[in-house]
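Structure below; questions to follow.
Labels run A, B, C, D and E following the written order; every chain starts at residue 1.
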């Protein structure tokens, strides 16, 4: 088993190196997109699928991560140049690190925020939790728009150094995947699933459900923050409008499609949804050839995805993988 | 006395569910709580486990007062419970359900599990072994990898009790353990309960409707009606007690 | 009036009712007794198609197969559910109005009749049903069910959680209703009380009918008494 | 000898015919989404220009690949990547909104592909970029037009309305302030809005309290229309002046009567079109669409024309570096919107117009030279 | 700030609050009955506004267009329930919430595909767009009409809920669906009624919104919807009167805070959520609500 895992890991790494150096930038950008959304969806699935806490906040954490990384890797000179509404705060000008510490910082800031928010968030359950987290995600974006000294407001940040490439995004998605599996297959992961299945019964087993939920929330936020940082460096431009509820919605589709609680499913979901988004581009613009453009249907992709989500909830609520992992299936197969 | 309830009163929005109740459970006893539905038995369980905070009175467990102690901490002090309508972790296997009970006996931190440090492996191995031993005692070791929701009713009940035992309790609260079981399953269960009671040195407090079961199992019973205690004593005395018959067992004379 | 053939109810893989047969004739009180989890409530729900069932249920000549719960109620089946389930956020009178939802023309007249039958709830007609005592709620629940002028009234554990004295009152009422021509199916855990007013009884055990027969005979039978009546 | 030349000529002809290639130009426009009005009008103009001429001097045909970015800057950047790597275009035309062009610029720059934005007026779009050029004037000029026009017509105090979401608006606001104060005008207040807002009660109350002579609205038409409406409803009497972002029919449709008298600086007005190129364009436009011309379409036509002109100067029209060099060196290009010279920053130096809403229609006021 | 501006802002606050209130009632009714946050509710308001717009464009007079819009919104609401919610009545609540989100995105993007994202001008008859000048205060007629209509509708809804058998059925449904069926009541019809009432009110709210801010687009319902939901929670979800009070408070706060503290203008949209979070954390039952599990409406 261990050998197979190592083999898979090395194949994945070799593929990343090959793809980064040999594939055309457009294909690479799609792979990057899949990797980033994969990272975000994997971490989202921990809180939402594994621990069963229906958070709608990932957009907030991704935003935080994106801003922290962007502000850390942007040189002071371009910050002065870019901040149009107000001059940047001194601290913004002073902060500068290289890429890896910036990503780690993104994760840490998001995780610390998750810790602070867990106190109000986990006072409520179920759909109230959903609406409270939705609210926090929204408030974070409003702050990003209004704290112009720190974020340059609604105009966002441009010319972010493009340090990220497929090796970064691919490497981090591998790390995320391994960490998530390690969490799931530990007593903490078991406790998260117990909280999901029946919170009262978990308490009756002596589990401090608040802490278990907070662990899941913080871990999730950490990787969402890192993913946000990668996103900022990859796109080289960020603005509050990129972190609307739409982002959460896309992640939700990925994890529901893959199976709430299944990390392997999430990976496949990310490939299908992000690949599908790119592939379904023709729906939005059947106007590649010049001449007739009346047939453009913006948002048709999103219509397709919304219908897909509804159909899945109605007929295949468990997604592709249910809440099982690929390895669980092998186990069952052997039996 | 391992458990003492003193002057317990519980009110929900003006309605009194339990009214000034006093009783104690001796170490090593099997103590039965009986009474019609809505008499406040499950409420009493929820007070002992910390899920409800009583309006008045104190619960003393092992000479320590339990007021203000959170439900999950009460478990760590040695009180475990099962639920009236079996509440297993449905998405998990039998083994995993039991492992949840061993949560606090696995000694590794969150970071150790993320980094897969040696302590993670050694502890996981240890609790898995113990969990299998426990399952063997209930005769369901072969079901370890089965999903808990696909078990029969009787086996689900066993898993629930095994899971509670995994927390290493001194007092076990069983809420209608024999409900929904046929006579042979019931008998099987009562044997297991007796066995584990001696093996683990447990004290058991149980709620039950099946008088036969209660008769067989309990050293002492308390009959509740409308939150009030109407009888405490041996089960054989309870069935002939007039008040008990009238409130719970049924009125012979009525027509 | 009601014929049940091979009724089965499954919850997932767990069988609650395993192929039972019974019959209720007009003007009878029939009781279904058994311990918790024996399948009594599941049987009642199956009769009303509130749960998925297998088997045949014929009520007043109709096969109930393709009817929804509310349609069966309109056809003359009424159930007083376990735990009474009066609408606690509605007043007593509004509860009665709900009972007569499809019976607008007889509402006023029936309401007066119910108040005559249960004078205690008339005094509280404008109170929220949630403020009534258990016994009063039980009476309201029965009255509410009667508002649809049912042919067959089914009661699920009417004695549940009530003081013995009140249980007596409720059972007296049931007898009175039978005397007025309503057929009754009584589901009870309180076996003695149930048998004492019934004409016919079925003992359910583990989803199957263990014993059936004349209620009076069953009370007299020592063996039954020993095994099922806890005495 | 004659024979030889004929043969040579025919060989050259055959050669050029057999080698008549397709030269691809990628176009990124917000055809849909909140900025769709800009994208669609740009596209309309582009179609006219393309129909007028889509063959290069050497016989190569030009092919346009138009992508919609839904007004989203991430989509815009992705579209450029796609055009360069998948479609192998030689040059890129677009975008309208400065924010989107700024997201596209680094991608084009990195791939050394010439990018010409026909309508993004924020100075930072071309700043420091070697491969990014524009066919329109920049915000400081536009702000100056508004400031000078306002001051010259007796409005000595002003409130500036800035759309904090748009680089364009922020840029014009700054330029207006600078030019207006230089002339001696006084800025008595500044209010901030965000694109997408609908309720401007707070802002119009502030404006009302400041009693300005004129309101300089630097954002786009949807907010302009709602704001002028709400301003009139609370009794703000001062006229509004804005930039090219407000000049769309929706300003009048949504703004209704309140939009009357709304002035704005723009790139083009057919009333000022005197050159043959402009006249031909206006004629073709009217024939095809039966509606008045607009500046976005005219600018897009000019942008396309400039790229073609640059390509024609290269031996190999698909040589990106050559095309870019020639594009940056454009001098005296006779376009629909006037004579265009590209300065060392890659910005166009050209004249502008001032227009006004009059009787429910846009009307020409004056032309302003640089 | 002079007194006339002050009065004017107060009136504006009441008017905005009324629109929130109208939409909040729908949230409260659906939540009360199904315990579902109907994410699509804000989009139903958008559907209402769009249908009114399209009908007017087709030459139908405003009044008739409004009626058509209300009908269209009701049909949309009922269909939403039939297709997306009814099959999930016994499913976990989270599944329902996900479908609700799906429906919301579906409606937004469908309208985006059909009509594009460009804001469209919504026209209304003169008697609605008139502006009254009174003693230095300038009052658009709408700010008077909207609260009055809202209050009238509130009384109609309360009358239906409290005095008619259908209203009683709605109230009972909120408490216990299976028992309602035991009364011989077709619970699905009653739930349909709830969606119909909620959607009709949303359509009216949407039209008012479109008259007040005469540009409509497919995303117009998103923020307004979320704010109305916040208003419903603020007032005590499950309480119709609470929804109205919550709506007024929210509308008022937004206008007044921004008017007195223009610096906070950018945070305007966050107020709703801040209220929401505070209420859920400290008084989960809201202003008018009682214990969530005991009593409704």
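Methods note: a contact is a pair of C-beta atoms (placed from the backbone, for glycine too) under 8 Å apart; a residue touches a chain by one contact, two chains touch by 3 or more.
Quick caveat, the model's predicted, so the values are computed rather than measured.
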Exercise for review: Moving only to chains each one touches, count the minimum steps from subunit B until you reach subunit D.
Suggested key: 2
Review point. Touching subunit B and subunit E alike: which chains?
Key: A, C
Revision key, fill the gap. Looking at Cα centroids only, farthest away from subunit C lies chain D
Point to revise | From subunit B, the most remote chain by mean C-alpha position | key: D
Point to revise | Averaged-CA centre spacing for the pair subunit E and subunit D, given as whole angstrom | key: 40
Review point. Cα centroid separation between subunit A and subunit D, in whole Å?
Key: 36
Review point. So, what's the distance in Å between the C-alpha centres of subunit D and subunit C?
Key: 79
Point to revise | Distance between the centres, which are taken as Cα means, of subunit B and subunit A, whole angstrom | key: 42
Check your understanding: Of all the residues in subunit A, which ones touch at least 2 other chains?
Key -> 145, 298-299
Check your understanding: Using the touch rule from the top of the page, what residues of subunit E touch 2 or more other chains?
Key -> 112, 116-117, 266, 294
Exercise for review: Report the complete set of touching chain pairs.
Suggested key: A-B, A-D, A-E, B-C, C-E, D-E
Point to revise | Complex contacts: residues of subunit E adjacent to subunit D | key: 1, 5, 8-9, 12, 16, 112, 116-123, 129, 131, 138, 140, 213-215, 217, 220, 255, 258-259, 262, 265-266, 268
Revision key, fill the gap. The answer for subunit B against subunit A in the complex is residues 49, 51, 70-73, 75-76, 80-81, 83, 87-92, 96, 99-104, 106, 108, 110, 113-116, 120, 123-124, 127, 145, 163-164, 166-167
Check your understanding: For subunit A, which residues are in contact with subunit B within the complex?
Key -> 179, 182-183, 186-191, 193-194, 196-198, 200-209, 215, 261, 323, 331, 335
Study note, to complete from the structure: Seen from subunit D, its contact residues with subunit A in the complex are 31-33, 43, 47, 50, 63-68, 70, 72-74, 77-78, 81-82, 84-86, 99, 102-103, 106, 111, 124, 162, 164-167, 170-171, 174, 194-195
Review point. Which of the residues in subunit A come into contact with subunit D in the complex?
Key: 24-27, 29, 81-82, 84-85, 145, 148, 153-155, 158-159, 162, 235-237, 239, 241-242, 284-285, 287-291, 293, 296, 298-299
